[in-house]
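Shared between the two complexes below is chain A, which pairs with chain B and chain C, respectively.
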Partner chain A sequence: MGAINCDGRTIREINSEIKRLVADGEKNIVVKNTAARHNLGVAIVKPVKLRFEGSVGYYCAGMIDGPTVEVTGSAGWGLAESMLNGTVIVRGSAGNAAAATIRGGTVVIHGDAAARLAVALKGGLVLVGGNCGYMAGFMAQKGTLIVCGDVGAAFGDSMYEAVCFVGGKIGELGNDAVIEKPTEQEEAFLRDTLKSHMPKKTVLKFKKVVAGRKLWNFSKQERAVWKEAL
Partner chain B sequence: MAPHSEPNRPPLKASGTYTPAVIEDIQVKAELGRYRLRGFGTLRERTWATFDDLTFIPCTLTRIPLEGYREKCSARTVLGKRFAKKPIELDIPIMITGMSWGALSYNAKVALAKGANAAGSSNTTGDGGMLMAERENSRALIYEVLPSRYGINVHHLQMADGIELTIGQGAKPGTGGLLLGSKVLDTIAKQRDLPVGVDQRSPARHPDFLGPDDMVIKIEELREATDWRVPIFVKMGATRVFDDVRLAAKAGADVVVVDGMEGGTGAAAEICQEHTGIPTLAAVCEARAALEDVGLYGEVQLIIAGGIRNGVDAAKAMALGADACYIGTAALIALNCNAPLYVEDYEKIGAAPYHCHHCHTGLCPVGITTQKEDLMKRLEIEPAAERVANLLHAMTSEIQVLARACGKADIHDLEPEDLRALSLEASMICDVPLVGTTRVFGGGPGWKERRCH
Partner chain C sequence: MCGIAGYFDKTGNDSAAIGAVVLKMLEALGARGPDSAGVALYGGRAKGEMVLRIKVGENGSVAKNATRLVAEARKLGKVSKSATTAEYLRLALKYQGDPKELERRLESVAAGVEIVSMGRRLEIVKQVGSPQNLDATYGIAKLTGTHGIGHTRLCTESKVDLSHSQPFWAHGCPDLAVVHNGHITNYHKLRRLYEQRGHKFYTENDSEVIGMYLADQMARGLNFRQALEASLKDLDGSFSYLAADGEHFGFAKDVFAFKPLLFTETDKFVAVATEEVALHAGLTGDYHVREAQAGEVRVWER
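Up next is the complex of A and B:
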């Protein structure tokens, strides 16, 4: 196992060391004393296990393709942004724009997520154990967002084909967001997903939120919706 | 016969306020129920000060010119010397700006890449990500990171020779991209992770940072992702240029790109194209003053874009402080945009050669701004690439003609002293004396006054 101590080292030195270990074929890397440093472990494109002990700052595991990343503390803004593939697990909570524009992979946040969670989601799976803030799922294109707790206002605003599931209360639906009943397959998928990522968590019933598709094309027949969205 | 000359009939009076164009606009919107959309960029008559309001004052007795057609005049351009391990080195200072594969056809994108490559210049990706054919055919490819992050791919980012973090665009600052459903066909929809046929309205704001403070961290992320190898550009539409350029430079950009009001677009609200932003001439002056203000002029390079039509515009922009210029619309015109070909197809979309701004429809008669196979075939890649290369050479040679006449052995040595203003406005904006005087009217640009207090 490779171990890196962040104390007294620049982010360039820390990331270079991670990349050197990955290039040498190391499969397990532990990074200690992360001290909420920004840009830890960005753009790692190999299937390696990376464990950040402590909290991390902005863009941790941003633009990765393949690694399994664990953060034992909380994460700052833009966690795993633009990830192509891999798994990112945060034991604590995550700041704004967690899992922004990811195109694949899985992001699991055991605590809460702040505003604009999974903004412009383009694929993959985002699972939040706690609550999330304002405007989660804004313009989400593809992929799945699951929030076990409550979600804030403007939830699922202006979405395309992404599918959201909410275990708690919905503060307010966003523009063009509609509630649907989950199918049996979806309920089974939700049970399996929780079981594999958060076995101690029980959510009795999920609400499904998808796009009403009234904003997909300009139409003067939909003036009430477009008034806000134009 | 003109109405006023008809006998027994008083002259007709037309409103100066409700002109035929205004009446048409109101009536179209009364049907449409929303703002009007179109492509191309501003169509307004140029009533503001432009590069045309400046003239070069070549050498006579006080200075000695270089031999016009013989002596060397270097056009070599290096960008990203501040932090990047591998700055971009180009033979010429005219680069191809970011235009998306989606707004443009595959053939257009590849022709631009090949043309830029042949001329020793760079090409830029665009909203929707990178085309592999564009990478393969570019000696220098700049990868745009836009608010939408459509097609974002770390592997493509790591293959690039430069990264451009795009904050906005001159034709429509403060708004995101638009791609109407007629262009969001199978391949483009898949590339952007969108449903086929949606009217795609891209976000105006980056999803994961808000202002200059966290942009510092974003820039660091992009550098870490590329091991500090390639230059990071920050591109913005021209609005509060003096402040915005200072912020971008302080945030750690290697290169700042300022895109003026005359810049083009594949589709945008018409009002944004006509009534937002500041002209490219004013933008370059403010941008230079901004870099001087923070002590980074020369260290952070400045690229100017927005309505650069020829080597003269580029030479004037460079004399005022730009290190290089982007062209977009001019490059498309080299491809055949608005050429008198397939005239009947221009008519079908309500346009005509030299009057077409219908890029948003996806029905480009010359195969540039379309995703339809039959139309795209009209643009043959190889001859189109050659036309782009020729234009880039021609523009560079125009800059060299002016530079040699001004006694410069390097086009980057052109300076404001080589210029005089033909209008009061240009004199005030550019800090250049009005012709026939030795004075800068108005005491120079406003930011200089502010600095003096």
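Up next is the complex of A and C:
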């Protein structure tokens, strides 16, 4: 196991050390005394295990492809932004724009997420154990967003083919977002997902939120819809 | 950018090490704003006593102006303490009259004199430069009290000097102070409105208007919490700000969540900061951190 102590080191030195260990074939890396510093563990493209003991700042695990990253504390803005593949697990809460524009992989936040969660989602799975703020799933194109608790206003605004599930209350649906009943297969998927990532969590019923497809094609007859959305 | 931080002791201890905690948090946020640093600290004071921190004026006139200010203050109340450090005169006097009158009388002593803070519990110290320099000059790490807020500034639109630094005291309203990260886009409109009502602005800094707004709302009958809540509608632009007076400590975040602000609350304290690095620098023990949501207002009362 490779261990790195952040004390007295610059972010560049810490990230270079992580990359050196990865290049040397180390499969298990523990980073200590993270003290909520920014840009930790970005652009890791090998399937290694990376564990941050403590909280991390902005853009942790951004642009990664393949690793399993665990944060034992909380995370700042832009967690796992633009990741291609891999798993990011945060035991605490996450700041704004967590899992924004991810293309694949899984992001699990055990606490709460703030505003703009999973905006422009392009694939993958985002799972939040607590609540999330407003504008989650804005313009999400593909992938799945699951929030076990309550979600804020403008939820699922202007989405394409992403699918969202909400266990709690919806503050307000965004433009063109509609509630559907989950299929039996989806309910089984939700049960399995919770069981594997948050075994202690039980959510009795999820609401499914998808695009109503009113904004997908422009039609003069639907001017009112567009006026509202824009 | 800019960094803001605040700490509120919940145990009822009025000599908590707030100066040291806020200073450590500001040092951690220093990279967000190297232009200036400042703190507003709330401590216990002798009954009926008003403490003023006064910017005495430009170089050369400091000693002369300080003497004249003390002489003027003696006409208004019993001065129990007066001391000059760097650009400041600190005055403590027994005064029960109209705070606006006290301010007007003292500021008319000489050009360049500005009351930086006035209050029964509040004291503001701010200057150009880093938090470390602020402590080296004024020894803020030794100051104690119940709660405090602080600011490190990255200047974007107005000049860099002591007056334009934060926290801002809400002139005319003892003890009310604000630190702000963001940009108030309807500042000029609000400023014109308040100037028509006779309020004086001391800077070109948009953040100055927040304290004035809160003071105005409270003068109209809103309580501290209601004033912060009303600001979500009346202030445009991006803001996360902390506000405090002798009894209250709170924050508000704009409805779009443009600016970061996170907080933690335990049985013993509340701490709020722009970035979690500040909490790690200032606090010990276990605490759970959460980012404030869009349009969230929280207030704690002593």
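Simple rule for what comes next: the second predicted complex is superposed on the first by the 229 of 230 C-alpha atoms of A that agree within 3 Å, B and C clash if a C-alpha of one lies under 4 Å from a C-alpha of the other, contacts with A are read in each partner's own complex, and residues count from 1 in each chain.
Operating definition for what follows: a contact is a pair of C-beta atoms (placed from the backbone, for glycine too) under 8 Å apart; a residue touches a chain by one contact, two chains touch by 3 or more.
Please read all numbers here as calculations on a predicted model, not as lab measurements.
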Query: Counting only touches as set out at the top, which of chain B and chain C does A:220 meet: first, second, both, neither?
result: first
- prompt: Of the two partner chains, chain B (first) and chain C (second), which one does A:15 touch, if any: first, second, both, or neither?
  reply: first
- prompt: Counting only touches as set out at the top, which of chain B and chain C does A:77 meet: first, second, both, neither?
  reply: both
- request: Look at A:198 in the shared chain and tell me whether it touches chain B only, chain C only, both, or neither; answer first, second, both or neither.
  value: neither
Query: Looking at the overlay, what does A:57 touch: chain B (first), chain C (second), both, or neither?
result: both
Task: Could you look at A:178 and tell me whether it touches chain B, chain C, both or neither (first, second, both, neither)?
output: neither
Message: Tell me the contact category for A:30 with respect to chain B and chain C: first, second, both or neither.
response: neither
- line: chain A contact check, chain B vs chain C, more residues touched by chain B
Message: Applying the document's definition of touch, where does A:115 land relative to chain B and chain C: first, second, both, or neither?
response: second
Doubly contacted chain A residues - partners chain C and chain B: 57-58, 77, 96, 116
- line: Interface with chain B, chain A side, in the complex: residues 11-12, 15-16, 19, 38-39, 42-43, 45, 57-59, 62-65, 77-78, 81-82, 84, 96-97, 100-101, 103, 116, 119-120, 122-123, 139, 141-142, 160-161, 216-218, 220, 223, 226, 230
- prompt: Across the complex, what residues on chain C touch chain A?
  reply: 256-257, 260, 262, 275-277, 279-281, 288-295
Query: Mind pulling up the chain B residues that touch chain A in the complex?
result: 32-35, 148-150, 152-155, 157-158, 181, 192-195, 197-199, 203, 207-209, 214, 217-218, 220-221, 224-228
- prompt: Any idea which chain A residues touch chain C in the complex?
  reply: 35-37, 54-55, 57-58, 73-74, 76-77, 92-96, 111-112, 114-116, 133-135, 152
